[in-house]
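Look for chain A in each of the two complexes below; its partner is chain B in the first and chain C in the second.
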Partner chain A sequence: MSDSGLAKLVVAVLRRDVMASLRRGSEWSNPLVFFVMVCALFPLGIGPQPDRLAELAPGILWVVALLASLLATDSLFRGDFDDATLEQMLLSHQPLYPQVLAKTLAHWLMTGLPLSILSPVLGVLLQLPAKGMLALMVSLLLGTTVLSFIGAIGAALTVGLRKGGLLLSLIVLPLYIPVLIFGSSAVKSAVEGGEYFPQLAMLGVFYLVALALSPLAICGALRISVDQ
Partner chain B sequence: MSISSTFHKWGSPRWFYQFSGKLLPWLAGLSLLLLVGGVIWGLAFVPADYKQGNSFRIIYIHVPASAVAMGAYMTMAIAGAIHLIWRMKLAAMVMKAIAPIGASLTFLALLTGAVWGKPTWGTWWVWDARITSVLILFFLYLGIIALHQAFENRDAAAKACAVLAIVGAVNIPIIYWSVEWWYSLHQPASISFTGQSTIHPTMLRPLMATLSGMYLFFTWVLLLFVRVEILDRERNTRWVQDQICGESR
Partner chain C sequence: MSVRRQAGVVLANTGLEVKRLYSDRDDRVLFADLCFQLDAGQLVQIAGPNGSGKTSLLRILAGLSSRYEGEVLWQGKSLLKQRHEYLQQLLYIGHGAGIKAVLSPLENLRWSCALRGLNNNDDKILSALEKVGLSGFEEQACHSLSAGQQRRVNLARLFCIPASLWVLDEPFTAIDQRGVTEIERWLSEFVSEGGAVLLTTHHRLSFAHEFKIVTLGEAANV
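And then the complex of A and B:
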């Protein structure tokens, strides 16, 4: 297949998934609502003192964004599996790798991207100092993409199971840890006025590795799930 | 003997069952001898540590359990890869058997670590880089076990777990390294591993005994688990029925 054909395939899958998600509004809005609600629980749980909230804000925002992205991941292949679109994808002459890549990117466009854009607002609610806002947004932009790709492996493995949701969290959360460490650390450094580019660079490395390698695992996992 | 014929032999559950049956008594005897002997040696005959007193003696369980727990994960991932690439059923059985054993060893490592931490550091738990890494290893094992149990189809379960084990194995170095990095960011508390300093030979020798004993013990238990799995899967074949009911016929 020529390069332009591949590009066409990626764009076609991307468009289809983004359109489908936009038309079913809840798919992209639910993770956002979850993000806002859980962030609002923290001041209620630990107290409203601004300095204490400011200190905890980088960690809270990152953990909650991670959970919101995780919850959204379960639906990544679910609809296509239920109506057998996934089977057609596997049977078609088109290579699976670019289709999986496009599907995961589309999923990120509808979950990780809005989360990252919304994050400064929640940063304000949690008293995150203004110095940390840019680091928060950029680290979430890079980090949630990695989370989407890792989560897609788990979603592909569990899509054929009836009770996927909780299981997906169990198998995926340990793999999320490096992203969380570097993401929240970037925001913390920025708040303390330190250098945060190294952490972002590490997230960039994870981004590229996940982009290149995880579709291989996702393709293998989808074949197993559809075959059974 | 050519490589391919060796390969086919290892792919035959029947051959493996009979071959491992011969190994079992040796493994059982040697591992018990080394473990029991090493523990008695370490508990009764090694002098007490000048700093930690007698509490350091838990090292003779703690270190072997941690080392074997980590090695077991890599073995599981390699078995998973063999199963995915060459469709070797035996590898799938090995993989399935390792997960609960490895999880138990990881739990033992965490538990003995906590028991050791209380008198040495004054606390049961510290968010130290190594402890955190082992905790994450424990989570990875639990994920594999949960995934395996969720599938009704045995072949799909084996393949899915193989993919997850390989993804986990690729991630383990990244996780360890990022946890190290995370920990070095924090100012380390006034706690340090006294064990990191060179260990005296009189203390090391029993440790070597329990360490090799733990590897043999792991292999022994693994073979037992795999043998049960073989009997379960092949229960409708002639040779298993001969094997089990042979005496009564």
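And then the complex of A and C:
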């Protein structure tokens, strides 16, 4: 198949998913609202002392972003499975890999991207020093993409189960941990005025590996889930 | 009618052959030793009571399910060895909605066509929607359409995606009486142009051509 054919396929899937997600609303707004609410509650729970909050802020922001991402993961293939449009994807003679890649990227565009863009605002709320902002945003931009791809593997594996929610978390959370460690450590280093490029480079490696390899796992998992 | 003509081009040497097919579900045998053949220009109806494995059979033949033993041949060769070629010829419409409720019929069909490598064919989609009686509803969100209309959106794929084998799971569900007659006419047109149709339905087909009925649930026979 020609490259332009593949590009058109990717664009078509991306457009359809973004459009559907925008119209439904809850799919992109729920994780975002969760992120904002939980981050806003922390100063109330811990107390408003700026240095204490500033110390905890990188960890809080990253953990809440991770949970928000997990919250959104289950819906990735659920809708398509329920309305049987997933079958159409599997029965297309065109390769599944680009379709899955486009679907996961669309999911990230609607969840991880707005969350990353909003994160500096919540950083201010949590007294995160200004020198940590760039590291926070870049690490979240890279990190949430990786989380989306890892989550998509779990979502694809559990989409055929009626109650896959808990199982999904169990599958996905251990894989999330390296991303969390390098992500929050990048922000911490930046706040302390240290070098944070190595951690971001590591996230970049995760990003590229996830982008290239996880669609293979997702394709396989989807075929198994539908085969029943 | 250009849709039809293009469909005509790909029609050649259609032949689906099922040999000694066996499948079970939860230790209950759905069918065993099932044999039948479907050639170009033929229609086969799969009949049988609820739960007799009609949908399971169609999913196996569409290549969605691998829970079977036996052989499925397409043009004389195993389905598993030429999945890509087979999928190019196959149009499967399952019993699910097959459409996204928040999108309009036009957007849904654009996506369906793009999956089949057909881009920028709005003309065909619009004429397909007109054919299934949905002109005027092209831009309306599918969730605001009735169940029968939603089914028609899904069926509109028959007219914008060229294929030589239609596998249809209960295509008449939620369709009004006039619609059923219309669908029967479309099937008969498709078959007389050399297409092959495999469908399940509880409805008594009135079909211009001769057709085979494969009954599941009893001692499977043709």
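Just so we're on the same page, the second predicted complex is superposed on the first by the 228 of 228 C-alpha atoms of A that agree within 3 Å, B and C clash if a C-alpha of one lies under 4 Å from a C-alpha of the other, contacts with A are read in each partner's own complex, and residues count from 1 in each chain.
Just so it is clear, contacts are C-beta pairs under 8 Å (C-beta built on N, C-alpha and C of every residue); 3 or more make two chains touch, one makes a residue touch a chain.
Source: prediction; values computed, not measured.
By the touch criterion defined above, A:24 lies against chain C but remains apart from chain B after alignment on the C-alpha atoms of chain A.
When the two structures are aligned on the shared chain, A:220 is found in touch with chain B, with no touch to chain C.
Legend: residue contacts after superposition of the two complexes on their common chain; A:153 is shown touching chain B, with no touch to chain C. When both complexes are overlaid on chain A, the residue A:228 reaches chain B and chain C alike.
Where the contact sets of chain A with chain B and with chain C meet, they give residues 227-228.
The residues of chain B lying in touch with chain A in their complex are 84, 136, 139-140, 142-144, 146-147, 150-151, 153, 155-156, 159-160, 163-164, 166-168, 170-171, 174-175, 178-179, 181-182, 185.
Put simply, chain A touches chain B in their complex at residues 153-154, 157-158, 160-161, 163, 167, 170-175, 177-178, 181-182, 185, 206, 213, 217, 220-221, 224-225, 227-228. Of all residues in chain C, only 62-67, 84-85, 87-88, 90, 92, 94-103, 107, 110-112, 114-117, 119, 141 touch chain A in the complex they form.
Residues 1, 5, 8-9, 12-13, 16, 19-20, 23-24, 79, 82-85, 87-94, 99, 226-228 of chain A are the ones that touch chain C when the two sit in their complex.
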